[in-house]
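I've put the structures underneath this note.
Two complexes follow with chain A in common, the first pairing it with chain B and the second with chain C.
For the complex of A and B:
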């Protein structure tokens, strides 16, 4: 193995230091999750005087965490399904075909990205009210999809337009249909972009608060961001329970991210270069 | 084939009958929206009331939505803007007036007039405070708060201070002494703009209770920038404290929980806020800390100022508002539910958690109160000069201008007291005059 130069050693040391610093909040949250409230406020940086493992059970019990996780996963799956289906179709059409008003259609789809959520909140509320769609997770997923599609089209169109025309032409000569080109050529070659878009959409939905707050009334239909706010009482918050809950719910995200990390970074980097 | 069709027809009929039965048995939902999140100590008691109500009135189902206070306000404002208020909502006085005047909350004055027994359970001073000039009452008064100076006896003792300051000059001397022992004289949650109580108390001293009411909802609503109304002077006094280093650097970025931690850990000497803090100190610092290390006093007098030197910040703050959109028979059931949510038993639960209720409670409950809370009630009972903080009595745009623009501007030095007052006045003019 090549010996590292002095500068490289310093660089490596700084990188390790940076990584350690990034871990500090996570370690602190983990330690705090095991403390009592009094222990946290009198001894914020130290180890717990008594390790309160029951904080995790209490956090799940008090806040119905399992219900929030189930609801959030439902919304995630429906939103991802809608967004990826619509965005890949639209992006495929916009990137592979030439037709009248193509540019106009591209602007139409991507202009949605500029609409502020707050400006349409009350009209959306009215729609939900007229459709009796409060507490309906499917409706919430459709609203999320509407907000996520413009961004996804923007990214995926740039990705798909980079797939060489020659491959497509060869496939047509071999008798491949447009559906075949979409499903067997363009989608597999845009896999990194699709994974990057899916990850970003999933993260947005996982963290979205405002729409979920407004459209979901019942405790049993809440998603995680709204449910987790239940640890903030008006006069006394419960940070220890909150951290226990936060750790619990971040485990699936951490697993998914660590599994897809390489593709995600690749997708984002390629997306930055293309287009 | 025929048999199959016949069986299917029978099945469809059975399903239709079942759906019909289910529809006919569908319960009416009463939606209650409050700050009482699942982890709040009072929530289980409220839930108990709801379950008992459902048992007594089987056709009704109570759906309680306990939200964090900022989320609550966001959701309430969307629902009110869409003209669809929750059946019951936990509102501060100013919001009750605002939504009531727009026809979104029910005027409870006739209900209270008719139901004398209910009216008598509520303190007359609270009913008076919730009443508009026209006599309407848009929320049933429930919770009060009394402001004052909490001081940390450990820090005081370390700084060689014998007791809380009686005058502004004494306060400024204490500020120096406390700084000399490495502690912060004052702290508050600047990140969440927890300035309203403090600034209102200064305003009580510089302008007086009556003038504050005039500024909030009377004849001087656009007079925040007039020197004679005392707001500029209150901001100047606050600036004097900032300039003297009475608050930590970067106050605007200090979260409420960190500010509390500083007080509990003997890093800060004084904290000005309402009665709920008694329970906060007990929960975060422990019973010993509350009993042995926390003192409470009235804010010092400021000789030479034109306001009320014995005036306090406090009074009835929150009440239960009922939607004006309700129709019978739901309307009377919702009123019944609100009465149950304000029963002396439930009121006692709130009181024991240092949230003074404006509903008469039993002697037993009173006997269990912490001495600091009793002292607050005594002082509040004695004074005739009390006013609620600006975040309760001012309309939201003015409240926001005070706590989110004017005071933070003084803290970070970006605004002079005159400029800060002008910002508040601009917000008031925009709201009241449409300028």
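For the complex of A and C:
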């Protein structure tokens, strides 16, 4: 093996240092999740004396975790379905047709990129109150979808405009309708963009706290971030239970991430560098 | 006969165009409806509400710019503006250089770089609520860091409970969870570096450090501006981690604009002042976007 130079050795040290910084808390919550409370107090950093697997069962039971997971899944599915349908429609119209106001509409749809949920929190609260839409997960999903439109349109139009015009023209000659061009040509050919958008939208929804906090009051309608927050706030004196719940929630997403790492990275990169 | 054919064709052409219009409208309508009713209208409504006294009841009283006047005399608002700026100003020189160097080391494929890349992005897929509370508990004097230091006989203060230190505690949370995104972005940017130039420099006897400072940094400058823009926008709007880790405390020491907005609206039910903060937040991010875009364009040209 080639001998490492001084600079490279420092580099390697930095990489390991940052890795430790990230992994130590993760390992710590994993260990703590299996401890009894007394064990944690007497021996905060070491391995558990007895591995308490029942922590997990108790955590799920008292936290209603299954309800939050179910709600989050519902919101994810509705939001993804809604955004992908609506944003591909808009992007298709903006990238494959020629009409007046096209550029104006493109700017209109993508300018929303600058608007964050905070700025419109109160008006959204007002709308939800007028529509009696609190605790309504479908309405929450619609709001999420609306906010994902700008960046989805940004990415999807750039993918869709790369589909060669010739394919479309020959399809028209063959008697293909616009719907056919949309569903049979443009959608399959911009698959990578759609997957990137879907990954990012899913990640946003998964971690969205602010709006869910304002919209969801009943315990039965909470999504994971709000539900977990309520649970953590209530059981803050029992970290072993908290970490058991935290681990139960985090392990599936970590597995998904390890399987789809490239997709996650690609989605993030596209989302940021295009904007 | 000839005119007949012409007319027929002309009509056909017109009807095809009309047909196309119908399709365009059809494809645009759902997105337009959703976007206008839940994004555009609320922005306008936020501006309107900022001109009213509204405490959640039926009655809204028009007061002009009074809410803004009250805000700019409020100590908490001024402090929240300053906390937000401080948050941005500390995050920038911390996260950009660190993520840049780490991404470059990944690009150089030092050590098990696939493993490093996996771990670096891992915190970004966790729930902020989980990250926030975990770090909170880790910072307490009873378990975690406090317990270890106490074992070593070192005096420990929980930074999150200390007004002067709390913001650094929260920024550590931000660093811990979100540095990975910046690393990934820089890493993607480095893939476009011209390999020939780097190789030519190696042949000419340039050291690793010389290559890094003289070639890599100037050539990736546009990625730096993009990631900086992203970081500043994110810091301006930061909410989740602050809300979980300190809730804006102790004594408003970490109360950012977004936390202040949330407290005004949903704690004190002062929706008018809350909307005024929302408007200020909106105008700030608009200004920031325009300025950053200018700066970036200058670099690209």
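Here are a few things to note about the model shown:
We take it that the second predicted complex is superposed on the first by the 205 of 275 C-alpha atoms of A that agree within 3 Å, B and C clash if a C-alpha of one lies under 4 Å from a C-alpha of the other, contacts with A are read in each partner's own complex, and residues count from 1 in each chain.
The working rule: a contact is a pair of C-beta atoms (placed from the backbone, for glycine too) under 8 Å apart; a residue touches a chain by one contact, two chains touch by 3 or more.
No experiment lies behind these values; they were computed from the predicted model shown.
With both structures placed on the common chain, the touch criterion links A:44 to chain B and to chain C. Applying the stated contact rule after C-alpha superposition, one finds that A:251 touches neither chain B nor chain C. Once chain A of one complex is fitted onto chain A of the other, the partner contacts of A:173 are absent, as it touches neither chain B nor chain C. The wider contact with chain A, measured as residues touched, comes from C rather than the other of chain B and chain C. Contacts of A:116 after superposition: chain C is touched, whereas chain B is not reached. Judged by the touch definition given at the top, the superposed model places A:62 against chain B, while chain C stays out of reach. Legend: residue contacts after superposition of the two complexes on their common chain; A:232 is shown touching both chain B and chain C. With both structures placed on the common chain, the touch criterion links A:28 to chain C but leaves chain B unconnected. Touch criterion met: A:16 reaches chain C, while chain B stays clear of it.
Looking at the shared chain after the overlay, A:146 reaches chain C, while chain B stays out of its contact range. Residues 41, 44, 121-122, 125-126, 209-210, 214, 229, 232, 236, 239 of chain A touch chain B in one complex and chain C in the other. Across the complex, chain C meets chain A through its residues 20-21, 23-24, 27-28, 30-32, 34-35, 37-43, 45-46, 49, 98, 101-102, 105-106, 108, 110-111, 113, 115-130, 133-135, 137-138, 142-144, 147-148, 176, 179, 181, 184-185, 188-189, 207-209, 223, 226-227, 230, 237, 239-240, 243-244, 258, 261-262, 265-266, 271, 274-275, 278-279, 281-282, 285-286, 289.
The part of chain A that touches chain C in the complex is made up of residues 5, 7-8, 11-12, 14-16, 18-19, 21-23, 25-26, 28-29, 32, 40-41, 44-45, 82, 85-87, 89-90, 92-93, 97, 99, 105, 109, 112, 114-116, 118-127, 142-143, 145-147, 149-150, 153, 178, 182, 203, 206-207, 209-210, 214, 224-225, 228-229, 232, 236, 239, 242-243, 246, 249-250, 253-254, 256-258, 261, 264-265, 268-269, 272-273. Contact residues of chain B toward chain A in the complex are 31, 35-41, 63-69, 71, 74-75, 78-79, 81-82, 84, 257, 260-261, 264-265, 276, 279-280, 283-286, 355. Within the complex formed with chain B, the residues of chain A that make contact are 37-38, 41-42, 44, 62-64, 121-122, 125-126, 129, 209-210, 213-214, 217-219, 226, 229-239, 241.
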